[in-house]
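Letters A, B, C and D name the chains as they come in the text, with residue numbers starting at 1 for each one.
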């Protein structure tokens, strides 16, 4: 932001300072809104089409060529729908919740760098900021469920809160591993640390034993925090109708959808930043061309992560509540803690091959132990009569 | 013109008083706890303000603030657990009804 | 940054006031969250970035949620309370004590030379890295003590809250 | 080589530390981890055993007695440093090897005995701790450390005797054991204090400055009752040993300790608890003999001699008339401990300790064997309801027979040699004690024969309870059966030692550094000893072997012969009842007396003072000060009451009221601040 301010100030010396200030504020905000909301819109389309393919059907294909204008039609439809507020609802909270749920999702993008130096604010505590802001969504979820005065909404909200709070812990711990390795909380620096090596690729943290584990943890935690399949219990249609947004319609409902998608994409963005080298890739670097290539890589990876999310959604069944909680506290959290130890080992062991062997061994042992410990009783062999 | 330290101190004092008023006047044990949280936070704000104005170079005050936050978190966890236990016993969280120890 | 201070202060005080005066418990918590965020903003303003993030992470993300859960668990789902007990002795005495205390504190602060201190204007930034180093270097024993305290509190809270369930079984 | 010993002494602490760590680990195990717990326990003991044997072998290589110590400062107060230390000398090495070895096999047996118990983990945790405490006691070169471990042994015995605490008798027994030994410990502690006071050190050996090395000096100093300091300390210490080693009159806890699981009994009777007392006396032996000679023995050593002799005889008589298989063994332990103590009292450190060793092996064997019998007969302890077990449990029978012959003193079993030496050394000192001991040996042979015949001979009488009814329904499950391998293997191993250990008596004496001397009356004593043993066995055969019991309800043949005396023996000479009637009654009576004194005398004095004051005030009132005094007093009372009432109002029980007062207090402080500035 300060860079933009300086740039504008240099380019337009005659303009009053306050306008430059405002412009410097607005440009990144506009960028974030423009880019990410567009991505959001097309993500919905891609998701529907991909799910359609996975489920052996076509998906939307009526509006525009290949149904490409479907998001516009959706948006128009939802804007025109009646906004219903239940009579018993807590009006204030009911109104505030959908607004509030979009905010954390958008705020996270502030610290996600898309190209060298191109981050809305290069906070010294960027990672922590992203994780901290993410927690605020809990409050919005709770408000929505509670204000609706609907038992399904409240149940969904309580599930959502419990789920998000539980998965927050392993996610943050997985992030801690990266912070330890990079020695900084700044997202920009973390991405820069992942540059170099072969084709700007080999130094990505995901290509480290602890990084791979952290990546898996982070992806799982991100899925759970944005309440996506297979962790979509808060809005499990078969049990809770629509969960916390049962009583929402019209544009407020759209805001909920948006908030969810934005949060999911934000988690994907943070994942890319922390583990997949952010904008790093062959050819990325400073300057205009390098910057464009960097942006290509970043958004390419982001799209890849989104595609992964969609893929998972299309192929995985939903977890049970007890499995959900057990998984967070009995598998992910211990693994995240073990992973932190692994980073410590990685840091202090020389030479590198030794570190590779020891860290991989350490993590492998624990993965096996945790799997063994958490393996449920083997299912009895069933005999089906009508085969 | 910059804000002098006194402003922060007075802000903290006001917040402290508000929290105290909440803790003193409300019947609901949970709100009493919330008032105590407000008081805690105002005290920590004081710490950070002093750090910013007087001891900017060393992070000790921040460490102290972190410890205080951790202890406050533990306190609220225990306090709420107690509230729940009391609720189970009295079917109420009204602090006026918890007077077993009356002399 | 003057305006920022005044706005944030107003929000913070408003949040605190609402938190202790609103009738609806859940609204109280929401106001309390506003207060917490205001405090966090103050930390950012005071350049204690790390502390601000910690404030949001712990208070908004954990403590507020804990309070919400407590409200839900005490069977007060709608969060409403009985009739307002204004004008009671309790209300007056409590408010009076708080008000007198605030006035006295204000007097004390204004009467002190400390109140006039201005920021040193130093550019030095106490970063998260410094805090981390201090935590594991000179302050490792308090850190461990806090760790033990938190563990004990965790177990204690579980035990206290579980006690009657076990009895009823 | 000396360096090697020094190193070993420095490593002595490992021997108790390993079981201790094992106990610590086991205490954290979940209840379900049965195999793991037992495994840790046995492994720990095995490792300790290996270490102890290593130390034992190292000391064995030396022709003369060796002693290596390792002292370190525990903490300092003022100028005095409190040292603790470990020792490696033949006494310790042999003892540690015995404790670990016997303990190991007892643990193995316990895995079988406790098989059905649900608190398996807790049991093995306690066992490990018990062994650790005993080993700490054995290797300590410091009377304070010894005392700490001593108390720990007491604690563990409490925990283990009361292991089945849901049984009232077990709960009572563990309390009894704890309190009775505690009475002795008072003496022990006084002895320690006196020792520290006189020598300014608690180390036993420390290159000439240790407490024991100053024993001769202490013998010159005057102590209590006209004894020397050394004798006084020795007497006090012996009181402690009497409690621990169950010497009359503090023997009452030992038979009751049978309430614990049988492996615990084996551990207490053979390897750990009771051996501690004898070992301690042996360890502190220089103090006992300091200042005395064969012609003029010290009081301490005389006391040891006669207490031992009396206990030997006394307990042997009781053992004759018991029906509980473990109780017979318990009284025989008492009796055998009497033998050991008596040997020490006769100045025979070597025979005493040797008898301790052999006895540990065969008594552990007998107890474990009785445990096997109990398990094999489905938790039957009454010998009248056994019988004919030879057919059902052949391995147990043969091992038990070895142990019985050893205890009865039949050559060439271990007990014969050690007991013979004990009798021989006693013969030199006191014909009276020797006579008592020989009679006790006769009784020992008799009651062991009685037990053998009752348990193993004849036909199975266990079904009598259920009568024909049960048999008619085909309840064949009550037949006794042989025990699994993990129970019979330990007794088989121990029986080898019960047979063969006696031949090493001479070597052991050499090992402890005693000179060879030709003692008078050797042939007479040995011959008589064999004779009484044979006589006892014969008598046992005559009474119990020729015609075994047929039904469980049949009267004991001896009962018919002895009549009232048998009942008297069966009730243990009424010692418990005597204590109940005397000491406990007396304590309560004293309490009553003091209460009466308090009420009548002290209160009386107070009341009279009150009356005097009242009278004076009466006079004052009469002379016209009624208004002042009366009014003033009433007002005072009112004020106190009123303020008390007010204060209790402050205690509203409402947290917010307290909170408000807190706020008010803060305001007041601030106001004070303003006023001051």
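Here is the rule we use: a contact is a pair of C-beta atoms (placed from the backbone, for glycine too) under 8 Å apart; a residue touches a chain by one contact, two chains touch by 3 or more.
Here the structure is a predicted model, which means the values were calculated and not measured.
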Between C-D and B-D, more contacting C-beta pairs sit at B-D
Determine the centre-to-centre distance between chain A and chain D, using the mean Cα coordinates as centres, and give it in whole Å. 69
For chain C paired with chain D, centre-to-centre distance based on mean C-alpha positions, whole Å: 60
Cα centre of chain A to Cα centre of chain B, whole Å, reads 33
Whole-Å gap separating chain B and chain D, where each centre is the average of the chain's CA atoms: 58
Contacts with 2+ other chains: residues of chain C: 50, 54, 62, 69, 90, 93-94, 97-98, 101, 105
Check each residue of chain D and list the ones that touch at least two other chains. 656, 660, 663
Going by the contact rule already set, what residues in chain B reach two or more other chains? 20, 23-24
Touching pairs here come out as A-C, B-C, B-D, C-D
Chain B - residues contacting chain C, complex: 1-11, 13-28, 30-31, 33-35, 37-38, 41, 44-45, 48-49, 51-54, 56-60, 62-63, 65-67, 69-78, 80-85, 87-89, 93
Touch list for chain B against partner chain D, complex: 20, 23-24, 32, 95-96, 98-103
Note which residues of chain C are touching chain B in the complex, please. 1-2, 5, 9, 12-13, 16-17, 19-21, 25, 28-29, 32, 35-36, 39, 42-43, 46-48, 50-51, 54-55, 58-59, 62-63, 66-67, 69-71, 73-76, 81-82, 85, 90-91, 93-95, 97-99, 101-102, 105-106, 109-110, 112, 114-120, 122, 124, 126, 130-131, 134-135, 139, 142, 146, 149-150, 152-154, 156-158, 160-161, 163-164
In the complex, chain A touches chain C at residues 90, 92-93, 123-125, 128-129, 131-133, 135-136, 138-139, 142-143, 146, 149, 154, 158, 161, 165, 168, 172, 183-185
Quick one: which bits of chain D touch chain C in the complex? Just the residue numbers, please. 656, 660, 663-664, 666-667, 670-671, 673-674, 677
